[in-house]
Structures are given as C-alpha cells and as structure tokens.
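Pasting the structures here.
After this come two complexes, each holding subunit A, first together with subunit B and then together with subunit C.
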Partner chain A sequence: MSPVHFIAIPLFAAFLIPLAGKVSKELVKIIPGLVLLYLSFVSVTLFPIGTHHPVVEIIAGFKPPFGITLYYGAIAAFLTTLITLIGFVIWLYSYKFIIREPIEKYYMLFMMLITGSTGIVLTGDIFNLFVFFEITSIAAYSLTAFLRDRDGAEAAFKYLLIGSFASTFFLLAIAIIYANVHTLNLADIAVKIQDVPVTTRLFVLILFLIGLGIESEMFPLNGWAPDAYSQAPSPVGAVFGGIVVKAAVYSLMRIIFLMFNSHDVLHFLLVMGIITMLIAEMSAMKQQQIKRMLAFSSIGQMGLVIIAFGIGTEPSVRAAMFQMFNHALIKSLLFFSAGYLVFHSGSKKISALDGLGHDKPITSFFFAFGALAIIGLPPFSGFWSKLYILLSIADAGLMVPVVLILISSIIEAVYYLRVVSRLYFYKEEATDVRRTPVSGLIAMGILTVVILLVGFYPNLILNWMTPAAADLLNKASYIKFGLF
Partner chain B sequence: MNSIAYILLITFAGAGITFIVHHLIKPLRDIIAITVAASGLYFVIQSLTEKTKIVFGIADFNIIWGNTPYSNLFAVLIAVLGFLTILYARDFMAEKERLGYFYMNLLFVIGGMYGIVYSQDLISLFFFWEVMTWSSFLLVIYCCKEAQPIGLKYFVFSAIGAYSLLIAIVMIYAQTGNLELSNILQNFGNISEVNQIVIAVLLLTGFGVKSAIMPLHVWAPDSYSISPSPFTALFSGALSKMGIFGIGMVLFKFASHSGYFSYVKIILAWLGGITALLATFYAIFQTDAKKLLAYSSIGQLGYIIIGLAVGTPLSIAAALFLVILHGAFKAMLFMSVGAVYFRTGTTDMNSVTGLIRKMPLSFVTMLFGIITVSGVPPLGGFAAKWMLYESLIQSKHYFLVIVVFAASTAAFLYLYKLIFSLFLGQEEVEWSHVKEVPLLMLIPMLILSAFVLVAGIFPGLVLDPISHAMQYLGNYGFKYETSVLFNEWGNKINMQTVINVIGAVFLIAGLFVTFKGLKKTRYVTTKDIHTSGEIPEENENLTYAVDFYKPFERAIAPALKASIDKIYTAIGNNLEQAFDFLRYVYTGNGQTYAMYVVLFLSLLILFAELIFGIKL
Partner chain C sequence: MIYYATSILLILIGMYAVLVKKNLIKIVIGLSIVDNGIHLLLIAIGYVKDGTAPIFSKPGLQASQMVDPVPQALVLTAIVIGLAVTAVALSLIIRLYDHHKTLNINKIRKLKW
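What follows is the complex of A and B.
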C-alpha cells in the first residue's frame, strides 16, 4: 500500500463510473462507496506510519527535486483520513439524496473532487498542487450547477469567475517562483527561496495569499462561497465545507510556513481571520435561507481556523487542525440535516421550517445537535477545539482575539438557536409523510456518534494532532525528508 | 468508585435513559427519573462523611472532582431540591407533551449543578457550567412559541456570563499555566495585581449573571415565569445559587490577595443592595404570581450577595444561611403557585382568588414561605435576617442597613398581595371546582415547610454545616448554638423563648378567630356586594388584587420608568439592524466580488510596507 492509492484510485474510479453507467445505475452508486471505503481502510492503515515518519513517494522514478513527489507526513495522514472518512459519509448520504439524473456525472465529479483534494494534501510539488487545485475547482464548479436551475448556474458562474482569479494568481506565483529558483519541488523551493530578492518574494506571497485566500474563503475574497454552498445540492455543501476548504487552507498554510514564515505574515493572517470571522457571523445573523446561513457560518469557522493558524505557535496550530476536524464533521452534519429539512419543507427559507421538529423528529434532532455542537457547547467535540484555540491565543499573550471569538460565538448561538426554536416550538401539529431515507440517517448518525465520542474523549483526535502540528511547523524536517 | 463518581454517572446516564425510556415505555419514565434523583440524594448524603477526590486526564488537562465542606453545602441543596422537584413534577407535568425531553434536561441541569460544585479544576467547572446552561435554556423554551425570544435572551445573557468566565479561565491559564483549583489558589498571588482584579471581576460577572445581579438580571423575570413550575422551583432555588457558589469562591478563595479588592467588594455589596431594593419594587407591581416571585427571587439573591460582599464572618454565615433558606422557601412558593396553576390554569392574581378553603395545604405552604421570606419569627428567615442586620451594623455599613431594611419592609407589600389575592379574599364561582393538589405534589411542599420551621427553631442545625463551609473558605469562625443566636456584644436570642412567645400569640389569635367563627358565617363572592347604588357589571373584575397598591405604584412609578431592559433591547435591535445592513457586503453580484478581489490585491500591493514591513 502506498499513498499513491489516494490519488490513483479515485481518479480511475472517476473514469470508470461513466462506463459503469452503461451497465447499471446501481453500480454507479456503489463504486464510489467501495472506493472510499477502501481509501478509508488505506488511510487508517497508513496513518500510524505516516505520523511516525514521513513517507515520500517518488512518482515515475525521477528523484527529487526533479520529479514529482508525494509527501505523506503526519498532517497529510490526518487530512487524507479526514477527507476519505468524510467522503465516505457524504457518499452514504448522497446514496439516496441524489436522485436526479445524471447520477453518473455526480459521482464522477465527486470522485474527481476527492482525487483533487487528496492530491492537494499529498503532493510535494507546487505545479502538481496547482493541477490538483484545478481538478478540485472544476469539479466543484460543475457540482455547484448540478441541479441545473437558474440559481445554481448563476452561483457556479460566480464561483468560476472568482475561481479563475485564484487560478491565475496561483499560476502567476508559480511562474515567478520557477523563474527565480528553477525548481518546482516544494522542499527545494523552501530552501532556495531565501536567495530570491525580498520584493519578488513579497509579490509572490501576495499572489499566493489571494489565490489560495479565495479558496480558503478569506474575506473579502469569499463572495463566491455563500452562493455556491447554498445553491449546490446539500451533500456538495458538506463537500465544500468538509473537504475542499480544508485542503485549500492546508495548502495556504503549508506554503506560508515553508516559504514566508514571518511574524508579519502570520499577523496579517490573524487579522484577516478575525475580519473574516466577524463579518461572516454578522452576515449569517439575518439570512433568510438556511443553507446560506450555514455557508456564512462555515466561512466564519474558517476565519476561526485562520486566526489559530495566524498565531503560529505549536499549540495554536494543533488547535486549528482540531477545529478543522470538528468543523468538517459538524458542518457536514448540519448540511445533511438541513438538506432533508429543505427537501421536506419544500422551501429553502428558514421561515418554512416551522414545526418540522414534529414531522421529522430525527432529522431535526440531528440539526439541533449540530447547532449545539458548532456553537462550541460541551459535551460536544466543538467545545474542545474552541477551548484550545482560545487557550493558545491567550498563551501567545493576546486577549483581543479571544474576546472577539467569544462575541462571534454569541452571535452564532443566536442565529442557530433561532432555527432550532423554529423547528420545535413554532407550530405544534404534525402534518407530513415523507421520510428521511435510512442511508441519510445512518450518515448523520455516524457523525453524531463521532462528535459525541470526541467530545468525551478529545484525546482520540488530539493525540494525532500534535505530530501533525509539528509536521506543519517544522520546515527543516520537511526539507530533509522532501529532498532525501 | 466513590460517591461523587456515582452521583455524576447516575445523574447523567439517568438523564439519557429517561429520554430513551420515554420513547419506549412511557409509564416507567417517571419512576426512573425519581429513582435517579433519589439515588443522587442518597449518594450526596453518603459523600458528606467521606472526603474524596477523583483525578483523571482529558485532553491535556487533569480533571479533578472532589468535595469540600463548601461544596457539600450546595450539593445537599441541589440533591434535595432536585429530588423534590422531580417528585413534584410527576403529577404536575403528567398531561404535558415532550416529557422525555423535559426530564432529560431536568436531570442534565441537576447533573450539571453537581458537576459545578464538585469540580476542583476550571475546565470541568466550565464544562458543567455550559451543560447546565444549555439544558436549562432548553427547559426555559419548553412551553411554547412565546417562550422562544425569552429563552434566547436567557441564553445570550448566560453566554455572556459563561464567556466572561471563559476569558478569565483562559487568562488564568496564560498566567499560571495550570487550571487545577488547588494550584491556582496557591499561585494566584503571583499574578500581577491588575490581572488579579480583571480576572476576579470577569469571574464575578460570569457568576453574577446566573444569580441575576443588577444590571445583569434582565433575563430572569421572564425566564423564571415562563418555565414550567417544577423547573422554576429548581431554577430559582438551586440553579441561581450556582452563581452564589462561584461568587463565594472568588471572593474568599481567589481574591484575598490584592488590596484593591476591597473596592470591588464594596461595589458588589452596593449592587446587591440596589438589586434587593429595585427588584422588590418591581415585584410589588406584578399582577402575575410567578413574575412576582421571579422579582422576589432576584431581590433575595441581592441580600445574599450583600452578605458575601461585606465579608465579615457573621455576614457570610447569614448569606450562606439565606442560600439554604432561599432554596427552600422559593421552591415552596413556586411550588404552591404552581399548585394554583395546576388547578386553575393561570397564575394571574387578578383572576384567581379565595382558594384557601379549597387548597388549604398549598395555602399553608405559601404562608410558611412568605413568613420565611419576610423574616418574621419563628421561621428560619428571622434568624437569617437577624444575622444579616447584625453583621451590617457591626461592620458599619449603615447605608446598606437602610437599603436592606427598606427592601425587607417593601417585601411585605408584595408578599401580602401574593397570599391575599390567590388564597384569601372572596371566593369566585369560577373556581368552585378547584380542589387540593395530588399527594405527590403536596409532599415536597410540606417537607420544605417542615424544614423552614425546624430551621427557625433550631438554626444551629443549619449553621453547623455552614460553619464547616466557612472553615474551608478561610477560617471564618462565628458563635452559634443549636437554638441560640449570639451577637458580638454578648446579647443572645434564644429561639426557644421566641417560639414560645409566638406560639402563645398564635394560640390566642387562633382561639379568638375560632370563637368569632362560631357565629354564623356567610361566604360571599366578589359580585355579591352592596355598593352605593351601583350594581357591578357582569364582567367587571372585582377581585381584591386589582389595583392593589395603586397609590403606591403611582408614587413610585416614575422612578422605575427607566428600564435597563429597554436599553438592552435597543442595543440588540440596533445590532441586528447593523448586521442586516452588513450582509449586503455580499451583494450576490459576481462583478462586485471580482472587484473585491482586485481591490484587495491593490490594497495589499499599495500597503505592503505597512502590512508586511517590506516595501514593494
């Protein structure tokens, strides 16, 4: 087994799915599940190895710094595991949720997305990173417009428009780097970029910040996000929040810690994180559509992650990773339950959710559960990561971000609890009929159990987070292993 | 395993089991809930004799649970009230919906409170604090649509409180690198003095929200009055005491190092005084019995805070005595008002009247309750108030004495209104069907009534554990005997004498009333009256409670017009409008978003030197 499987197998599956579609529709649905199940198995098996000692995989026999390498260290191990497991749960949910044709296209794009995201996390080559970014983005654009309605198309177009800015800047940055250091290997760049003139470096940094900032939903570059999240089918919202953004933030942080690790840059990230979080949470307050609200909440959470990364100490990076994990779980749960709530109420509006708690007790329960978890209340997992972020910020001697994070938590509580109130207490009679399919309930159930489990045993995740944080922060070891 | 582990495990697991059982075998649900609460009580009593400590690691922290004499005091309060409320809830809630949800959250609240008092480290303290907060929030919004904004207000204020606790905890961690209580207490003096004060004030704010000190009280009246009565009894009786528990810890365990701290204490004492006085005035104007009690509860907590903030041994003893007593009598009052609600479906004092002959035992409970509140002998309130006055005079807080005295006197007004309008006065035909509440609801009320009587005659029984708790808080000693109260200058009051005198007075009064009552009595309804030529309209409300204190209200109304609640509401509304405006940053227009990207790029390039320290 090797980390190559993470990229090769879903890519192969993506091409296989249209063919399988000629044979049987069921096969189309089952293949991604099998692939993700296998990948989860691989990731769990490889996890201890990668965490213990980075595995560097050389593709096609060219040694670094000339060939493309895959760097499977602690953080990559953690993120691939997260991506494949969340991907599996999303597949489980999609199984009955995506009933509209063309099903094979949905699963094909889904597989591409998994390929791209794991590729982003694994690759040790910056141009390769760009390629995986494009794969992810193109799959994401298409999935946004999957429902082929007017709003979806519009959202996808906006996403495409802003996304092309991201690609352009990213590519430009790579070109400048290549022109200066004549290498594309990340570890090699990290070594050689020190010799590049400081102004060039700064320009490259700015291009990266914008290119990757767009994908990491940093304010004011995140205009595409609310539309894309809310117009795409619900499982795709979970994909965006649980997988794509995580990969993007990872690559941003990897590049910054490798090439531009300076106090000013981190400080800038901290400030941008705070602005992102505050504006997103405030905007979420008065949203009228539930999925749009979730989208803003997701942006806010990413702001929180960026804040924690911006502190740049080991505890804070660890806390940021933990928050990424929790957010992936909880936001997926929220998108899943919101998906069926929207489906059952027949409207995207929050006001249409009145009384659904009586009609759809289990789905509503999952939403309420997710809401309490994401606010960061104990005994759910979100509590620990938020606590760790706050402690690490205070440890770094800053109090203002702590206060602002808590203020935004209060705002978050208000808009989430309003929705929960609507679900249960605004209307008393039960009317309906349509049931949430079992596969969807299982998917949500798994997430719920994990959220509770991690809430009671945070060490379950936290222990893995320490090497991951060290991996991200330790530039020297990355260079050492990346170049042999 | 020791008692504390059992208490927490049983309560939390029991909560979950009750919820599940509700959906499987409904009749078993009440039995399980009662069993859980009862075994909680059993193990709390067990734990009194042992001194235990549980240490285990979660995340990077040592979680430590243990009991101290101080926590035992509160644990007993929680256990007894928790058990009695669940007993009371059995019949009270029988007809209601979503009972699995109700019992689960009620047990979560109880478990959360146990956790708070047994926590010996700040992580688990905050953990349980939050669990208590959200589960009590879910109980506040239990009833109906109207409760939703009220519940949200409660949650927002609780969150503000909880987060100021969290900021303090985070600061402590940054300063001392440790969150174990014993460690923090040792190292607290090493923190810089400014930080000590900031941390203490943040902690006091956090705890103060739960005990509804003004100006952080605005959530309380509505939340108390809209939550289901059994829970209100616990809410006001025990949950609000968690704030007091914390304040006591902060005042005597944390902040004894800094000299500036005396100012904080004085401010706190005065906030307590203002709370006591204003809440009492507000209570007088209420026409809803539960809301009246809610304000009364806020006011009573004001006394407790005065007692703690003044900080002489006698005043602390008085405060802790009031903690126990208030737990008992406020639960009694909420329960008996709940009993009225149970039979009449309303707590509106303008419509319910003359229930004394129909619900005599509920009446007795309420009578005992209000006698305790007002601090009249022979019930427990007398001893508590006496100690409070004594300590205030002794420590030369003369203005506070005046405030407390004014508040206590004014309290008579609302207490009289409460009992008079619900139980006395003329009988209404409308309520002729009313009868006494079921036995299971009466038992808790009568147990608590008996308790306040005993506490009145033998205050020493309660003062005994209190003196242990005070030893823990910092070697505060004071003199007491089982039924004798002492003051500093050597006088003493023998409760036995007091009880004898009172007994004699009651006997004579009772004989007088009985003899008078032997004459033929005619019971009249409100409409059955002779007025000077005017015949009352059929739908005219003539119950005595209408405009009960009209002249007094008129006199004092202007002073109470400026309401903090309105200010908070205005702030909230303005913020929401601002947020609504802000969300149009996201115009939904792709071109705008593209423009943002370009603008951001130009800004970064233009201000590169400012941001990154390097000129581009």
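What follows is the complex of A and C.
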C-alpha cells in the first residue's frame, strides 16, 4: 500500500459515480462510503509507518527535485487519517440527509473535495499544491450552490470571486519563486530560497498569505466563509470546517515554516490570529442564523489555531494540531445537529429553535453536547486542546494573547449557551412529526463517543501529535527526506 | 523585458476589471485577463532568446540554448484550471441572472459581505 491511494482512489471514484448513476441510485450512495472506508483502513495501517519514518513516494520515476513527490510524514499521516475518518462520518450523515437530486453530483463533488484535501496534505511539490487547491476550490464553489436557490448562487459566486482572485496570487507567487530558484520541489525550494533577496522573499510571502489565507479563513480574507457555510447543505458545512480549512491551514504553515521561518513572520501570524479570533467571535455573537453563527465560530477557532502556530514552539504547535483535530470533530457534530434542527424547525433562524429540546431530544442533546465541547468545558476534548494552547502561550511568556483567548472563550460561551437555552428553556410551539434518520444519529453518535473518549484520555491523541509537531518544525529532516 | 512588462500590464488591467466593474460577466473576463497575464509571465520566465525546443535533436546542441519546458507545462495546466473556473463562474452567473434578472453586482448583493 502506498500514499498514492489517498489521491487516486477518490479521484477515480468521483468519475465512476456518474456512470454508476446510470445503473442504480443506491450504488451512487454506497460507492463513496466504500471508498472512504477503504481509505480509512489504508490511513490507519500506514499511520505508524509514516509517523515513524517519512515515506516519500516518487511519481512517474523522476527523481526529486525534478519529479513530483508525495511526502507522507507524521503530520501528513495525522491529517489524512483525520480527513478520511471525518469524511466517512460525513458520508454516513449525508446518506439520508441529501435526498434532493442530483445526488450523483453531490457525491462526485464530495469525492473531489476529499481528493483535493488529501492531495494538499500529501504533496511535496508547490505547483502540485496549487493544482490540488484548485480541485478543492472548484468542488467547493459548486457544492455551495448545490441547493439551486438564490442565496446559494450568490454565496457561491462570492466565494468563487474571492477564491479565484486568491489563486491567481498563489500562481504569481509560484512564478516568482520559479524565476528565482528554478525548482518546484518544496524541499529544494526550502534550501535555495535562502539565497533569494529579502525583498523578493517578502513579496512572495505576502502573495502566499493572500493566496492561502483565504481558504484558511484568515482575517480579512474570510468574507466568503459565513455565506458559503450557511447556504451550502449542512454536511458540506462540516466538510468545509472539518476538512478543507484544515488542509489549507496545514499548507500555509508548511510553506511558512519551510521558507519564511523567522520571528517576525511568526509574530505577524500571531497578531493576525488574534484579530481573526476576536472579530469572528464578536460577529458570531450578533448572528440571527444558526449556521452563520457556526461559520463565524469556525473562523474564530481557526484564529485560535493560527495563534498557536504563531507562537512557533514545539508544545504550541502540538496544541494547535490537537485543536485542529478537536475542532474538526466538534464542528462537524455541531453542523450535523444544526442541519437537522434547521430541518425540523423549517427555518435557519435561531429564534425558530424555541423548545425544540423537548420535541427532538436526541438531536438537541447532540447540539448541546457539541456546544459545551467547543466552549472547552471539561470533560470534553475541547477542554484539553484549549488548555494546552493557553499553557504553551504562557510558557512563551506572552500574557496578552492568553487574556484575549479567555475573553473570546467567554463570548463563545455566551452565544452558544444562548442557543442551547432556547432549545431547552423556551416553550414548545409546534411538533414536527418527521424524525431524524438513524444514519444521521449514528454519525453524530460516533463523533460524540470520540469527543468523550479523547476528553477522558487526551494522551491517546496527544502522543501522536509529538512526532507531527516535530515533522512540521524540523525543516532539516523534511529537506533530507524530501531530497533523499 | 517587453514580455514582463506586457504580462504585468495584463495583470493590472484584469485586476482593475475585477475590482471596479459592476457587470458580473466583465468581472469574470477580468479574472481571465489576470490569469492570462500570469501565464505570459510564466512563459517569459522560461524564454531564451533564439532558443530551440528542449530536445537534443542536433549534435552539439547545448542545454543553455533551449527554452525551459517546465513553465510551459505549468501554463498548460493553469489554462485548464482557468477554463474550469470560468465555466463554473459563468454557470453561476446564469443562475444568478435567472433569479435576479440583472447582472449588476450592486443590485444582487442580498447577503451581507
């Protein structure tokens, strides 16, 4: 087995699905599940190997730095496992949630998103990274407009405009790098970029920050996120928050740590992370729609992750990865339960959720569970990652970010508990006879169990984070393995 | 040098169109112009004056006389990506027009930025 499976198989499945649609509609629904189950199996088997020693896969027989390579190190192992497992849970949820035609287009684009995200995580070539970014973005634009309504098309167009504008910056950065160092291999660039003049490097850094910052939801480039998250179908919101953003943040951090690893750049990241977090949390506070609120909360959480990466020490990077893991799980759970809450209440408004806790106790329970977990209350997993981030920042001797993170946690608690209290402490209005399907409940149940398990035994995950953090921070070993 | 100047001019013209124009189709045309500017820039980076194709077709041909094939391969890929983005954008515009009966971006904005 090799890491190529992560890219080849979902891509193949994506193009197989329309053909399968000619045979039977059930087949269209089952194929993505089988693919993701297989990929989860591959990622779990490869995980110990990649964590122990990076696997570098050469494509088409050209030796690095000339050919395209896949770099399957500790961090790629962790992220592909996360992507495939979350992807599987999202498929489980979509199974009964996506009942609108065209189903085959939904699953096709979903498979393309998985291909693109795993590709972003695995690739060792900067132009290849650009291509996978575009695969992910184009699938994401189309999925945003999946519901064919007016706002969906508008959100998708806005997303497309910002996204493709960003990708031109990314391509420009690649062009300038290639003009200066004449290579596209990330490890090779990391070696040769040291000789490039500082002004050129700064210009390239700015282009990268714009190009990748948009998918990473960094302030002020995240204007697309609330619209796209709230207009897309709920499982797609979970895909954006759980998979796409994680891959994008990873690629941004990989590029920064490989090419521009200096204190000033990390400080800049820290400041941007703080601004992102504060503005997003305050915007979430005044949202009237539940999915927009979740979208802003997602931006805020990514701000927290960027802060932790910006500290740049080994414990903080480890905590950032742990937070990424927790956020992927918890935000998916929240989007899943919010999807059915919106479905049952018939409105996206928070005020329409009054008393749903009595009518739909299980779905509401999952939402409340997710809300408490993301605020960071013990014994949920969100508590540990937030604690470790705070500890690592305090260790670095910076007190201002600690205070700001705590303040934003309070804001977070306010707006989440406001929704939870509406669910439980308001009077019930009407009852909805439709029930939440079993596949959706299983998907939410799996996430709940994992969140609790990691909450009680954080070391289960944290032990795997140590090699991953080392992989991201240790430039020398990346260069050594990436170039042989 | 003229190639670099032209490509940067194209990028700027495209950006102007994206940022200033109000018509959705003109915005998409602007995006394509930016793309083309970057493609030209990439080709210019690999260009060698009086260079030949990167094939050792004649004896005595030096590698330094050949144009760099890598940017050309990149541009081919980038053109395909640009085509896909343009296609998605235009199909979204068709849907927006169906709903709003206008292409003016100021009249469409319902969602908050």
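Basically, the second predicted complex is superposed on the first by the 481 of 484 C-alpha atoms of A that agree within 3 Å, B and C clash if a C-alpha of one lies under 4 Å from a C-alpha of the other, contacts with A are read in each partner's own complex, and residues count from 1 in each chain.
In this section, a contact is a pair of C-beta atoms (placed from the backbone, for glycine too) under 8 Å apart; a residue touches a chain by one contact, two chains touch by 3 or more.
Please read these numbers as outputs of a predicted model, since none were measured by experiment.
**Student:** Answer with first, second, both or neither: which of subunit B and subunit C does A:Leu37 touch in the superposed model?
**Tutor:** Touch partners of A:Leu37: none, neither subunit B nor subunit C.
**Student:** Quick check for you: in the superposed arrangement, does A:Phe165 touch first (subunit B), second (subunit C), both or neither?
**Tutor:** The answer is both, since A:Phe165 touches subunit B and subunit C.
**Student:** Once the shared chain is lined up, is A:Leu147 touching subunit B (first), subunit C (second), both, or neither of them?
**Tutor:** A:Leu147: touches no partner chain.
**Student:** Let me test your reading of the model: by the given contact rule, A:Val265 touches which partner, first (subunit B), second (subunit C), both or neither?
**Tutor:** first
**Student:** By the touch definition at the top of the document, which applies to A:Pro220: first (subunit B), second (subunit C), both, or neither?
**Tutor:** first
**Student:** Which holds for A:Phe157: it touches subunit B only (first), subunit C only (second), both, or neither?
**Tutor:** both
**Student:** Based on the superposed arrangement, let me know which partner A:Tyr178 touches: subunit B (first), subunit C (second), both, or neither?
**Tutor:** Second partner only.
**Student:** With both complexes superposed on chain A, which partner does A:Glu134 reach: first (subunit B), second (subunit C), both or neither?
**Tutor:** After superposing on A, A:Glu134 lies in contact with subunit C but is clear of subunit B.
**Student:** Counting residues of subunit A touched by each partner, does subunit B or subunit C come out ahead?
**Tutor:** Of subunit B and subunit C, B contacts more residues of subunit A.
**Student:** With the touch criterion stated at the top, can you tell me which subunit A residues are shared between the subunit B interface and the subunit C interface?
**Tutor:** 154, 157-158, 161, 165, 223, 226-227.
**Student:** Across the complex, what residues on subunit C touch subunit A?
**Tutor:** 11, 18, 24, 27, 31, 34-35, 38, 41-42, 45, 68, 70-71, 74, 77-78, 81, 84-85, 88-89, 92-93, 95-96, 99-100, 108-113
**Student:** Over in the complex, which subunit A residues touch subunit B? Could you list them?
**Tutor:** Residues of subunit A touching subunit B: 154, 157-158, 161-162, 165, 169, 198-199, 202-203, 205-206, 209-210, 214, 220-221, 223-224, 226-227, 262, 264-265, 268, 279, 282-287, 372, 377-379, 383-384, 387-388, 390-391, 393-395, 397, 399, 402-403, 406, 409-411, 413-414, 417-418, 421, 425-426, 457-459, 462.
**Student:** Across the complex, what residues on subunit A touch subunit C?
**Tutor:** Residues 127, 131, 134, 138, 141-142, 145, 148, 150-151, 153-158, 160-161, 164-165, 167-168, 171-172, 174-175, 178-179, 182, 184, 223, 226-227, 231 of subunit A touch subunit C in their complex.
**Student:** State the interface residues of subunit B toward subunit A in the complex, per the touch definition above.
**Tutor:** Interface residues on subunit B, with respect to subunit A: 57-60, 123, 126-128, 130-131, 133-134, 137, 141, 144-145, 147-148, 151-152, 155-156, 159-160, 163, 166-167, 170-171, 173-174, 576, 578-580, 582-583, 585-588, 590, 592-594, 596-597, 599-601, 604-605, 608, 611-616.
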